[in-house]
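Below is a structure I'd like to ask you about.
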Amino acid sequence: MAHEFRMVHRVEFADTDMAGLVHFASYFRYMEATEHAFFRSLGFSVMMWDRFKVGWPRVQASFEYHRALRFEDEFEVWIRIVAIEEGTIRYTCVLTRGETRIATGRFTIACASRRPNQPMRRASIPPEIRTRLAVAPARSTDDEETLK
Amino acid sequence: MAHEFRMVHRVEFADTDMAGLVHFASYFRYMEATEHAFFRSLGFSVMMWDRFKVGWPRVQASFEYHRALRFEDEFEVWIRIVAIEEGTIRYTCVLTRGETRIATGRFTIACASRRPNQPMRRASIPPEIRTRLAVAPARSTDDEETLK
Amino acid sequence: MAHEFRMVHRVEFADTDMAGLVHFASYFRYMEATEHAFFRSLGFSVMMWDRFKVGWPRVQASFEYHRALRFEDEFEVWIRIVAIEEGTIRYTCVLTRGETRIATGRFTIACASRRPNQPMRRASIPPEIRTRLAVAPARSTDDEETLK
Amino acid sequence: MAHEFRMVHRVEFADTDMAGLVHFASYFRYMEATEHAFFRSLGFSVMMWDRFKVGWPRVQASFEYHRALRFEDEFEVWIRIVAIEEGTIRYTCVLTRGETRIATGRFTIACASRRPNQPMRRASIPPEIRTRLAVAPARSTDDEETLK
């Protein structure tokens, strides 16, 4: 069972904008790429329509931006599961460059089934996946403070 | 003085992903494009380094996704100023396609000054801009409910 | 029958990079958005799997960059059909800002059919679409020179 | 002296589009990311305004698409220098997934200097960089054939 995942990324030129920094929307792609690598580390692809008949649309996503990230910076994205419910998983996400906290994110994904030509509907997390996931242990007050 | 802005967008192919829907990070670009059109409607460009020596980095951005958006959908982005402080502006953002609420966002931008080869620093909103902006009137409980 | 289409775009902030200009890959999205608007002007969506059982993957795309494009610039994208074959359409694409030629592109799209769980295969252009399209008249040597 | 570089990438979800494949514009970002890694392998950052007073805008970029690339595919991008002139470098670029040729690209970058508030101007390649670069040896006719 796993409750967290860490992944190192590097800022590409196309992620920047004319302010000379990483564009704020790029952070959401970093978060997503890390989550998908987490699924792969468990032996699953997040595209599991064929195997499990479900997909994982995002229902909520946010970032607070503390420091700027620049071209060619190497940084770590650390995601932790903070809640698992019937059909949703909630994560926190922390970006750090060395000792510097860059950004703090939160996102919630929902398990959804889809039949041909129908909209997606909420579904329960398939047991084979649910048994591989755990909620991260509560962190100390100080840690939570920095996570705010 | 202005406190809100509405803009119609159309989903482009490059905004979609293999789930057949608009990728969740694309919503942040729609929100940003609308805010920049709002600034233009007031006679300013959001790139005001030369004119006012300040820029507007994002310090917080979030979306809740209620319904899916698809290729070629026309939709409206409605942003409202919900708070103005010394150096920050907070907005809400509602995406609708016809009568259907698609997503609800919130974002906060900060006024920042930058000297050559120095990091950005928080700054006060230039008076010439501040006088053009107002906080949107409080909305009814029902409205707030839908805005959640 | 139509052989060309013009569309005005505006540069969004997210299209730029840290060099302060529009990122070179953004031009391909402008070209594509214009082509899709061209299809809509003929009464079709480029996503015609349901209606015609075909899609339009790109088989070739190129740009020559003559001048820089900047944030908030308004520019025109002009596409012209220069060849129609059994299963492909070839376009030229010219971006201009006022009188200034910004970039010149070429792209070829192929008509492709796809059955469930099979790769796409080349297909003939559906007659209902083919009858709406024409090859643009040859342009003068001078024009071709500037198009080069 | 170096004349080529190879880099393995993985397709991220945000690179795909609703056709279920990698969007054609994403290939240009893969090509660019590989070139920038090539520069890093030589001890330079492509952002060399401070160190060498020059930048590297693209003047031409193209791809031919032979096969589709899909989510989570691992693929190699191989770039080779095919010409070096006073102020430009021309590359070929080949994407392969295992033994399968996915796409063939070509791109030309120009060396450009820029003074504050002036447009970029063509410049010579700084000697310190020029001495590190070589033109790749001619390849056999068969190879060229596959490169087309």
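Per-chain numbering from 1; labels A, B, C and D assigned in written order.
What we mean here is this: a contact is a pair of C-beta atoms (placed from the backbone, for glycine too) under 8 Å apart; a residue touches a chain by one contact, two chains touch by 3 or more.
Please read these numbers as outputs of a predicted model, since none were measured by experiment.
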Pair of chains joined by more contacts [C-beta pairs], A-B or A-C: A-B
Relative to chain A, chain with the most remote C-alpha centre: C
Geometric centre distance via CA averages, chain C-chain A, whole Å: 35
Chain centre separation in whole Å, for chain C relative to chain B (CA means): 30
Geometric centre distance via CA averages, chain B-chain A, whole Å: 23
Two or more partner chains touched - positions in chain D: 13-14, 18-19, 21, 25, 29, 32, 47, 71
Touching residues on chain A, where the partner in the complex is chain D: 12-14, 29, 32-33, 36, 40, 45-47, 71-72
Sites on chain A touched by chain C in the complex: 13-14, 16-21, 23, 25, 71
Touching residues (chain side chain D, partner chain C) in the complex: 18-19, 21, 24-25, 28-29, 32, 47, 55, 57-65, 68, 119-120
